[in-house]
Each structure stands twice: as C-alpha cells, then as structure tokens.
C-alpha cells in the first residue's frame, strides 16, 4: 500500500509541479502584485499596500477606453454570433445534400491563424492611396461613400472588429449547435408530426428547449471569450491599440506589462483582477438566468 | 493443486464519514478444495463471493487469514507470482489486440528466468487455443467475436500461463440461455482435460449444481455449507441453503411439532422423534409430494402445468410461507384439471425441518 | 422505419435556407480566396489595380520567394514547429501520467486533489500570465525555447478529458493485466493508451492548433526575431517586414502560415470536429 502511494505521487509530480509554478503560484501572486503600491520591477521594492493600483487603473483613460470597447464588442458579438450560428445550424440540419461540405467550409476559420487571416480582413477593408479596398468598392457600387474602416471613424473600426470576431467564433458555435440539433431524438419530431404540430411550434416547444443547455453553454463561453478579446484587434489594427482607440482589457493588461508603455506589473495585475471580477460576475449572472430557463 | 483457506477474512473500512461502519465482505473462510476439482462459489448477489475470488487471486489483500496453494503459503504473493489464471465476468479482453496477441499477453510479461522464446510463446498460445477450440479465430479482434467466443478466448488467456489454479468470475452470466448450457459443459470438459483446480463464482445455483464437484454456499460473507452438490441439496444445514438450492424452489410451510407429530396447519403429516415441541418451519422439495387422495396434506389446487414428462401442480395452503407452492409429479399420476381440493402424501426424505428463529436445520426422525 | 419521400415544392423557406448557407459559405471562403489570389498577383499588377480584379491571368510565385528571402519566414516556421512538437510532446507525458494516477491508482486525498485541479480550470490565463512573465524573466529564459514551452505544458482541461476517458476503461482490464503480471507503466502504454487512442489524438490535435496559433505568450517572452513564432512573424511583417505596402508578399506569407493547419484539418476533418465539439474552445 505504501509503495503504491509513492508511485501515485510520482505519477502526479510533473503535472503538479507545473501547475503549482505556472498556475497556482501566479494566481496568488497576481492578487499580491495588485495590492503593492508603487512596485518597481528593477529594484523589486514597493511603498505600501493598498488599493491605489485599482484606483489608478480605473481612472486611466486608456483603461476606460478599453473597457468601453470590450463591452461594446461583447454586447454586439455574443448575441449576434449565437443567433447567426443558430440560424445556420438550423438551415444545415434541414438539408441533406452537401451538408458535410458546408460543415467543413464553416469550420475552416477555427483552424486558421487569427493573426494571419486578420491581415486579409484588414486588406479587404482598408482604404489606401492606391485603392479604396474591396468593401468600399462594394459600398460605392450600392451608392455609398467610401469609409476607411481601419484608420477611420470609431464606429467603422468597431464594425470591422465585431465582424471579424463573429467570423472567428462562429465555427465553434455552428459545430456545437449542429451536433446538439442532431442529438435531439427523432421520436419527438415524429410524435409532433402525428399530432400535426405546426413548424414554428415544433421549433419553440421541442427544438429550442432540447438544445437550450447548449445555447446557454455557448452564451457563457461566448461571454468569457469575448471579454478576453485581444488578438483579433491586434490582427486588424496592429500592436499599438491605444493609438487606434481599439484597445481591449486584455490588450491593456499586456501593454501595461510589456511593450512601449510597459513595465508596470502592478497596474497590469490590478486590471487583470478587475477583468476576472467582471467575467466572474457575468458568468454567475448567466448561470442564474440559465437555471431558470434551461429545460432538459 | 490443493487449495486451502484458513480463517480468510476481508473487512472493508467504512467509507466516508456519514456511511455505516466497516463491511465484512468475507468472514472467516475455512475450507479446503481438493486437487483437480471444479468448485462453485455460490450465493446471492453481494454475498462476498467475488471478493473471495479476488482474495484467492491476489487482487485483494486479506485483512487476516491465510491462503495455501498445496503447501505453499501464497497470502503475501502478488497475483502474478501465484500462478493463477483468471477469467473475468466481462472477459476483460484487450480490445485493441487480436485474439492471438491477447493470449500472448501474459507470456510477454514474463521476465528473467521465466522468459520464453518467441516460438515457445506461440506454441503455448496455440496449445491453449486448441483446448478451447478457437484456433481459427486467432487474427480476429475481440469486437468481432460472439459472447461465447470471447469467453473461450478469455479462458485460453488464463490457461496459457499453465496456472496452478483457474478462477472464473461469473463466467456464464453474459451469455444467452442456450449458450450458457453449452458453455458450462465446455468449462467442465476443459477442466477435466487440463485437470487444473478450478474455482468459479456464480449466483445461479443450477449452473453450479450441474457441473461442480463441490459447491460452497455463501451468505453475507459467511460459508453456510460446503460439499458435493447433491449432498448439499439433499441435506441442507439451514433454511437459507435449502431455499437457495433447487428449481423449482423448495416449498416452505409454517408448522408445529406437538404430541409427537408434525402439523402443517390442521394436518398431521408425520410422527416426529427427536425434535422439541414448538413452532418450526418445514421445507418440502417439489418432488417430495405424491398425489394421493388419501394423503395427509390437504391443499387447494390452483392449476396444473404440463411440461412433457413432468407435471407441476400449483396449489395453495393456509400455512404456506412460499408465495407459490409447486409439486412435481409424474404425468400419469397427476390430478385432473378440474379438481379443487388435492391431497398429497409426503416423502419423508424430501421433508426437512428448520428452526423458526435461527433457520438452522433440526435433525429428527420422521415416520 | 422508412419514411416516405414526398417531393416538396421549392418553398420560400427552402430558398431562404439555401441562400443563408451559400451566403455564409462565401463569407467564409472569400478571405481565403482573396488571400491566395493576392499572393499570386505580381507586386506591380496588384498596385496598379484601383478596382482589384477577381482573378488573374498571370499568376506568379515570385511573392513566395520574396517572402522567404526577405524575412526569415522559414525560421519562424521551424521555430513554430519545434515549439509545437516539444510543447505537445512534453504535455502528453505530463498529463497522461497524472490522468492515469487519478483514474487507476488509489491513494489518500485523491478526490480532494482532483477537485482542486478541476477548480483551476476556471482560472483565466490572463490572470496568471503576469507572474509567469516575471518568473520566466527571473529565470533568464526570455528568448529561449524553454521560456516559450514550459508554461504551456499542462492543461487542466486535457487532464480532465483524459482522466474521464481512462476511467471508462473497465476496471476488469486492469485486474486482468495485474493477474497477467503486467506492471502499471506497461499497462498504461500497452493497454490504456491504445484503448484511449481517439481521445489522445483529439488532445494532440487541439494542442497543435493551439500551439500553432499562439500569439500572446510568445509575444511577451520573445523580442529576438530568431525565436519568433509564425504569429509574431506575421505581425512583424505587417508592421515593418517588406516596407509597409508589399501586400502580395504579405499574403504569400499568410498563405504559407495558414496552409499546414488547413491541410491537417482536411486530413483529420472528422477527428478534429469531433474533438472540438467534445469541449474545445478557441484560445
């Protein structure tokens, strides 16, 4: 028995060591950092302990800009992507021919490098001296004015960011919802047909309730993912997101940590803790709401 | 190889704070299995028979007591050092390996002096396969085999090590009825052919009765009775053993010993010698009834079920404990379907008395 | 149950349904098409088109040569390959061992430790990246492969996924192997892993995708170009690589970087989609 215990600990040792050093310790450390005022990374000294870092971050216009951007992004992309994914999955599950081809196509963005394809989006939307870009040509074709989506007005930049985010997150959602739809027992539909239930009623009374756990799962993970948005923005607007007014909370954390405006791990930690608090709150709200509405 | 268990006990410590105390799964096993016999460990679900098997196998460590293979004390040895072969309930075939690879697996684990050459391994694998008649399946995967074939592969894998003792855990429970009959004959044949001392666990008494040289009847961790199946069937030492063995089951009645007689309800069925007066439980085997309108036991008839040679008479009696009373009589001696009251004469060798409280057998003379 | 096929007239609903499917398929495919198209247009042709044409009659590979020769694209590639293989390999060893301990070995406190580890699943990586950055810097591992690899060789989620799968392997198989004199380690590699191969492959694929596309951590930990991964490489190319406007060459680089995963996906399409639907999230 004793020998067996030792063996078990040996098996677990590598994983526990890595988890301890790179997950548990940092987790505790980040809260400590966030409370240490005036930390100097060169001399590793600090003045005192308190909430000053949080106050600084919350007054920092760059952070407020990031906060605003992130919230707009979340509020637009989560409902939009989930709704669109639901529509597409429904359409997908109603066809037989070409189904697998469409599924393959829709999944492609999942396996592509966010940074790389972001560059393509940038080119499609960007207005340069040589060309207005393809999207603008389309707008012109329908009688609109050219807009510079990459360096132009705020709403245009936000539009591109949301569009790209939806494009990136959709494959996962379509995949999950399609398999959720496929797993609804055919017998329910047969029973509904026998009862001559109209189509929309089948959808609201059978399909939707049956896949509601998956929808809520997607909403929750969608919220969490969207709050952590960063690389999509970098892909479109470059690494200096503050200048582009397109920074996100995560972007702010990294900028504080490293880069041109970096070297302030305390501020970064405070921002990370704030992000964590926001995500936790939203997730809890989501869970409470889903308790009430998810039917099995 | 003779197998001896001495005061073998397994106590599981209590699990968690809220649950009940320690569970005694195997309680003081003390018996000997002679060399080359086929032995059935028999008992209802949860009586500890699989635990006992795992103790013999070495997968579990006993809380106290000893296990001997012949004269060697193997209590401290791990399973691989004991030289046991085990066939699991769900066969435990490695799904990703072919039949041949499965059978070779135990041999490939041998190290040091025991290590075999490749040819020797193959030779022994084919030998084992031949015993269970699966030589033509060697390249199949387990998922391509039927339940009965998987069973044979599992036995071959257990035999290939040339074990001193072969253990089978519920070997027939996953087979359908027809295959079960066939496979149990097969097990009997293989055991005879190899002469390996074999212990198998089952909850199906019919299975054990039909092929075993010896059965061990268990109830909640204790051994109730051991012996030759027929002997145990005829001379059960407790009400539990009597009720557990036999299909259709033994018929139980409340009865009373008074005035030197045995009364079932109002009917004085026998004269008794050597039993104290008072309430008892009487068990009568279905074949212990004889249809005789002058017989002592008077019952209300429900129906007659005819099954070829035998006829089973279903009847009721006010003093009955069993939910259904059933007598098996010869077809030409059966009562007519329209009888309402039937009388039976009883065969005293098929009637057993038990203590009402403890269920222990009351040994006495019936006349 | 055979359903009788009823020839349905092309209803409005079905038209809308196909329209939606085709619309989104175009939305997904177009960027890929555009990226390939732009990458084979010559630099001068591309820049002379005010209204970009949707095809080209003079495809050229010069952009690809240019992309590999002016920026160390090959180097980024090799780095990413090393990073991906090493991270995935080490992670597999680490998580297989611990998952096996949780699934098969009995030791006091097992459930408690497992619950603790599951709780770690809720920790967002953004929260711990700060200290990890400091740790790696303190260890002098910036601009080394170890600095890139070490923090990502464990994943609570994959431990969970593997442990669940290991636990489904019948206990009897383990007992049978014990009776046959099989050691724990041999059982793990000879029986457990082959039986759980689908899950292991899923984990590998998900991890490879994650590694290939990882951007944030490599960006923090490397500023020496010779340790850049493809994501950082593409960002550098975008910001300074060819001088800002050589878009065809940029697209060539993007194609080269995207290709391996797309090929991998087309080969293991079902495995990947099944694996992801069993619980991957991007990032």
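Going by the order they are written in, the chains are A, B and C; count residues from 1 in each one.
One rule holds in what follows: contacts are C-beta pairs under 8 Å (C-beta built on N, C-alpha and C of every residue); 3 or more make two chains touch, one makes a residue touch a chain.
In this text, all values refer to a predicted model and were calculated from it rather than measured experimentally.
Shared contact partners of chain B and chain C are absent.
Compared with chain A, the chain whose C-alpha mean position is the greatest distance off is B. Which two chains touch most often is answered by the contact tally, and the pair is A-C. When chain centres are taken as C-alpha averages, the shortest distance to the whole-protein C-alpha average belongs to C. With each centre defined as the average position of its C-alpha atoms, the distance from chain B to chain C rounds to 57 Å.
Put simply, the C-alpha centre of chain A and that of chain C have 17 angstrom between them. A separation of 62 Å divides the Cα centre of chain A from that of chain B.
The part of chain C that touches chain A in the complex is made up of residues 14, 17-18, 20-21, 24-25, 27-29, 31-32, 34-35, 38, 47, 49-52, 93-95, 97-98, 100-102, 105-108, 110, 113, 117, 120, 123-124, 126-135, 150-151, 153-154, 156, 159, 184, 209, 212-213, 215-216, 219-220, 230-231, 234-235, 238-239, 245, 247, 250-251, 253-254, 257-258, 261-262, 264-266, 269, 272-273, 276-277, 280-283.
Residues of chain B that touch chain C in their complex: 54, 57-59, 78-81, 84-86, 88-92, 94-97, 105-106, 109-110, 157, 161. Of all residues in chain C, those touching chain B in their complex are 170, 172-173, 175-182, 186, 190-191, 194-195, 197. Note for the complex: chain A touches chain C at residues 4-5, 7-9, 11-12, 14-16, 18-19, 21-27, 29-30, 33, 41, 84, 87-88, 90-92, 94-95, 102-117, 119-121, 123-124, 128, 130-132, 134, 137, 167-170, 172, 175-176, 179, 221, 224-225, 228, 230-231, 234, 238-239, 250, 253-254, 257-258, 265, 268-269, 272-273, 275-276, 279.
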